[in-house]
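Please read through the structure below; I'll follow up with questions.
Chain lettering (A, B, C and D) follows the sequence in which the chains are written, and residue indices restart at 1 in each chain.
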Amino acid sequence: MLFIKRQFPLVVCFVVGVAVAVQYYIPHRISQDFIEGLSHWEIIIAAFAFFLGLVSVTQVHVAKLRRRSPGWGFSLFFFGGILIGVITGFLSRGKQITEAGAITSFGWMYNNMLNPLQGTMFCLLGFYIVSAAYRAFKVRSLQAGVLLAVAVIFIFSRVPLGQYLWEATIGGFFPWQLHQMVEWVMNTPAKAAGRGILIGVSLGAVATSVKIIAGIERQYMGGKD
Amino acid sequence: MSEFTIILGAWVSAGLTLCIFSFLYEDNPLFKVAEHLYIGVTIGYSVTNLIFNSMGPNIYNPLKEGNLMPLLPTLLGLGFLTRFIPKISWMSRISFAFVMGYTSGLSIPTTITSQFLKQLEGTVYPLLTRKEGLLDFSRAAIGHDISVFILVAALLTVLIYFFFSVEHRGPIKAASKVGIYFIMIYLGAAFGTTVMGRFSLLYGRLFDLYTYRAERYYYATPVLLVALIFFLVVYTLKQKNKPAES
Amino acid sequence: MNDFLDKLANVDRRYLFLLVIAAILFPIVRPLALPGLKVTDSVKGVYDQIEALPAGSYIGISFDFDPASKPEIYPMALAVTRHAFRKNLKIVSMNLWITGTGLADEILTLAANEAGKKYGEDYVFLGWQPSPIAVITGVFMDIYKVFPKDQKGNDARSLPMLKDFRNFTQLGYFVTLGAGSPGLPHWVQFGADKYKIKMGGGCTAVSEPGYRPYYPVQITGLIPAMKGAAEYESLIGMPDKAYAGLDAISLGHFLILILLALCNLIPFVKRFTK
Amino acid sequence: MKPWNLLPLILTASLAAAPAFAAKASKAAPAAEDPAMTVRPVTGLKALDMPYDAGEGILVRWDVMPHDEYAAVYVVELSSVSAAGPWVKAKEVRSDQGTVAELGFPFWARPKAGQRAVEVKPLDLFSNDSDAAKARVSKAEYFVRVRATNGRQVADSEVVTGRAESDWFSMPRLNNLIFTLVFCGIVLWFISHARKKDLFLRRIPGLDAVEDAIGRATEMGRPIYFLTGRLDIDSISTIAASLILGEIAKRIAQYDTQLKVPHTYAMTMAVCQEITKQAYSEAGRPDAYREDINFFITEDQFAYTAAVNGMMVREKPAACFYMGYYYAESLLLTEVGASVGAIQIAGSDSEHQLPFFFITCDYTLIGEELYAAGAYLSRNPVLVGTLRGQDVGKAFVMLSIFFGVAFATLGVLIGREGWVTTMLEIFKSY
């Protein structure tokens, strides 16, 4: 019994890992069907696992309601939201537009509730980028200074008014145009640094994957029982 | 799409937008309502999507046609659900093992392709150029050669910065210092280019709110805005003379 | 003086948020038309074609976008429609994105009321039909097979403007203003290339790189994102939402620059006054 | 590198040069037609399996014909019925096209030069997209013919048959395989040899700050938040983040500080529950572990962000950890975290969000540091061994870049650009 509990999962992890890695170098039809099949499996497993999440979030809000802990009223809105999503979804069988081209209730919910909520949360970034710049962009060191200088030049040059002011003031002293210089910074030093980071990440990712497939990193396997 | 649903849509959309914006002022009941409603709706949306667009076509239909393919992944999926029953919750480890093995196996070759080779592809160039058989020393060519040199130097110094098990002393320390500055240039450039997108997002939302002020929508935005401000004032005053609730 | 600087240095961020709202909302209400906008050839490529059309000739406009891409495409669509009405052209319009039907209708009615144009005589809106490729190929052969009824439901053949109009090959010029697919690539491949009519397009910032190769051979002009829309608005001398958009983004950028300067200068100024 | 491998290289160069010369000549050729220039059927026609594919392509090859200089055009035609059967036009090739180089294979996987090479795909011509048709079409045998023409005269070649087969090894990805084996080998070697001596590790400030961030949270009696990123467990960044959670949970277990890990995907939540439970029991405090440390919110990006922001403002956490891959919501989280005065430590490999983490968080782990954090915190000799392996991997990369650039420059210096482009193919992905 111990083998099943302790060793078998590691064997599964090793076999699946090696098979999927080797598949990349085999163009054969069987290998293509194999990887398509497995990614299909992944979708099905994720679908089942979603119920774990559903139970977890419902438990939190049911506990709040039962214990009347502060803010329990808002959990009603949470369950109301689920009902709205599920009822409109089932009424329109998951479709936002009918064949005839009319918008379904699910489509209406998506356009007038989900879209505005997503769009508005997303656009809070416009506010937070300003407050972050004012609070955090202080030049504490030369490094932060370089970061600030490059950011300022990029912000300045991305807008027509910026180019206009640049040409009106000190544009003449430079042999190149503003956008040419900005593009050079983007395509040479900045891109090379970005590449260096990505190459570093690729080595880290491969090392982590090897540790997992080889069964060295097995915290996810849990304890003794 | 009758006129009524359009007007109702405008009021609901403007109302929810203003509730989320109220979070900028401070955390308040209206934001909590919008937040919990938003979480609930997205979960309802996920459940609907799951049933109709994922479980249906991937599990129900194939099984109906006698294809037993989805049985094994269904077992692995059920393995996750054994976490509810402590006695057999060890079975979930087999499902974990499958998922972790799949991810690690898939990521090794794809990472080498997209994050290693593709990045090298754009960096390993000759430091000299030749046109029609002659070494080209024209201004453009020299400029290109210098750019290639900077490209390679930046990449090498950034890689040196990421050395973990080597003492950063002497030449390595110097190179890693240069690497840090190249990283700062990258961060500055990335920050600068993202700012524009954020403001056009904000412009889009305020543009919508502005359109919903029109008479056709029965002045949705102004009415809701006044109601929101009134509510926030009352709420803040109530907060001041009552000790903060948790 | 020092405590004023301290208060300024860590000012409550909500004042900054008010500044941001002001910077973005003000140009929406009243466009500032900030300087610096240079008109590019690709936008002129569309403007010149419409400008050259004699009064009374047909122009086709397809509104291929949805609410999500409204900030970028709505202004250019409005500008092109206004330009067509000012040149007294007869507009034959339709849309490939079902979710954009309401917006297309809004633009046409707004521009028509402004220019005093009548539906059925000066412009026609055929609406949406499923399967875009079939629609595009169909309208170049016989529009009445694809659109027996217009978007408002009356019989297309009965509209006075369409009396002697059979299909899109009779258009003096055609413009598609879109946010992705189905859109410009399909109009070029199944429409303009096949039936050799002059065509132009407008697109969002994210799809511009993909559409750039079509210009100038397969399309005479391309209006790229909000900047292109603002250029078109300046060409027809009616600064509106696109200008406001560009102004808003410019003001936003300059707000950040001022704040960056401020938060870094305060420590220096404090050192002097101490 | 076997010598015969260079043969195709030289032939390709000459072959590539010949048509270019031919094209130039034809432009210069007088308009008057030379009666002797008759178009003759192509010789040496072969229909082979297209190498390194899943059985979709047939590689049609035929000799370079003398009349190529007069800009002849070749039309490759296929028939699924018979040698005389109805012919379907597969591809049209001018005389200056159809070289081996156009197939896009690196030099170590390129078919023999000396003949024209054109790929045709029966699936594009004969299948109606239904799976049954696709399977039948790709297994069938086809009759192949090449029609040479110069606009007036037409000469058909004899008919050959060919079939597309599935191939077992993708030779063009040989460089990818070698780099992968080298790296995996280095990492495994250092893991097996890591047990003996203790290795030096440079300081990562962000990770040294973990200890006092937890201490501060304990003093203030406020919770600690740990986020594992926007992606599900099918991304290696999320796995790295959950391994770091294990290390941090071990430290938190000793103090009675509340740890909260809000999740956006259920599979990640399940894995993290197991890792957290294991961490608490390894720290000797299985009693302190509570099942609701890891909890699910929703999969939607901004609903999750709104919920976490709401929690932050209401519970005012003392420390926030943002590990894993993030998208635009990074600034929303860190800006609200900063407004409630939390110590914020981020570690991410999403290069487009690093600037926002860098300016708003107290410490930021950049790219590879996210993958080193687990080993760095655990100080377990085996895991630290992998860091050494990663460094040796980086040294190997730097050497190959250095020598790659040096050889390329040398190649240009002594005028052998052909060598340079060929050698640079090693650093490309196929």
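By our rule, contacts are C-beta pairs under 8 Å (C-beta built on N, C-alpha and C of every residue); 3 or more make two chains touch, one makes a residue touch a chain.
Given the structure is predicted, the values throughout are model-derived calculations rather than measurements.
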item	value
More contacts between chains, A-D or B-C	A-D
Chain whose Cα centroid lies at the greatest distance from that of chain C	D
Chain B and chain C: spacing of chain centres that average the CA atoms, whole Å	28
Between chain D and chain B, distance of the C-alpha-averaged centres to the nearest whole Å	20
Interchain centroid distance [CA atoms averaged], chain C/chain D, Å	37
Junction residues of chain C - those touching two or more other chains	13, 17, 20, 24, 249, 252-253, 256
Where chain A touches two or more other chains, by residue	21, 24-25, 42, 45-46, 49-52, 54, 57, 71, 103, 111, 115, 117, 121-122, 124-127, 129, 131, 133, 135, 137, 147-148, 151-152, 155, 158-159, 194, 197-201, 203, 205-206, 208-210, 212, 220-222
Contacts with 2+ other chains: residues of chain D	173, 176, 180, 183-184, 234, 236, 239, 266-267, 270-271, 274, 297-300, 302-303, 306, 314, 351, 354-356, 358-359, 366-368, 372, 387, 390, 394, 397
Contact pairs between chains, per stated definition	A-B, A-C, A-D, B-C, B-D
Residues of chain C that touch chain B when the two form their complex	14, 17, 20-21, 24-25, 28-29, 70-72, 102, 226, 241, 244-245, 248-249, 252-253, 256
In the complex, chain B residues that touch chain C	1, 6, 24-25, 195-196, 199-200, 202-204, 206-208, 210
Chain A - residues contacting chain D, complex	21, 24-32, 42, 45-46, 49-54, 56-57, 59-60, 71, 117-118, 121-122, 124-125, 128-129, 131-133, 135-137, 147, 151, 194, 197-201, 203-212, 214, 216-217, 219-224
Chain B-touching residues of chain A, taken from the complex the two chains share	5, 8-10, 12-21, 24-25, 37-38, 40-52, 54-55, 57, 70-71, 74-75, 77-90, 93-95, 102-103, 106, 108-117, 119-127, 129, 143-144, 146-155, 158-159, 184-203, 205-206, 208-210, 212-213, 220-222, 225
Partner chain C, residues of chain A touching it in the complex	97, 99, 101, 103, 111, 115, 126-127, 129-131, 133-135, 137-139, 148, 151-152, 155-156, 158-165
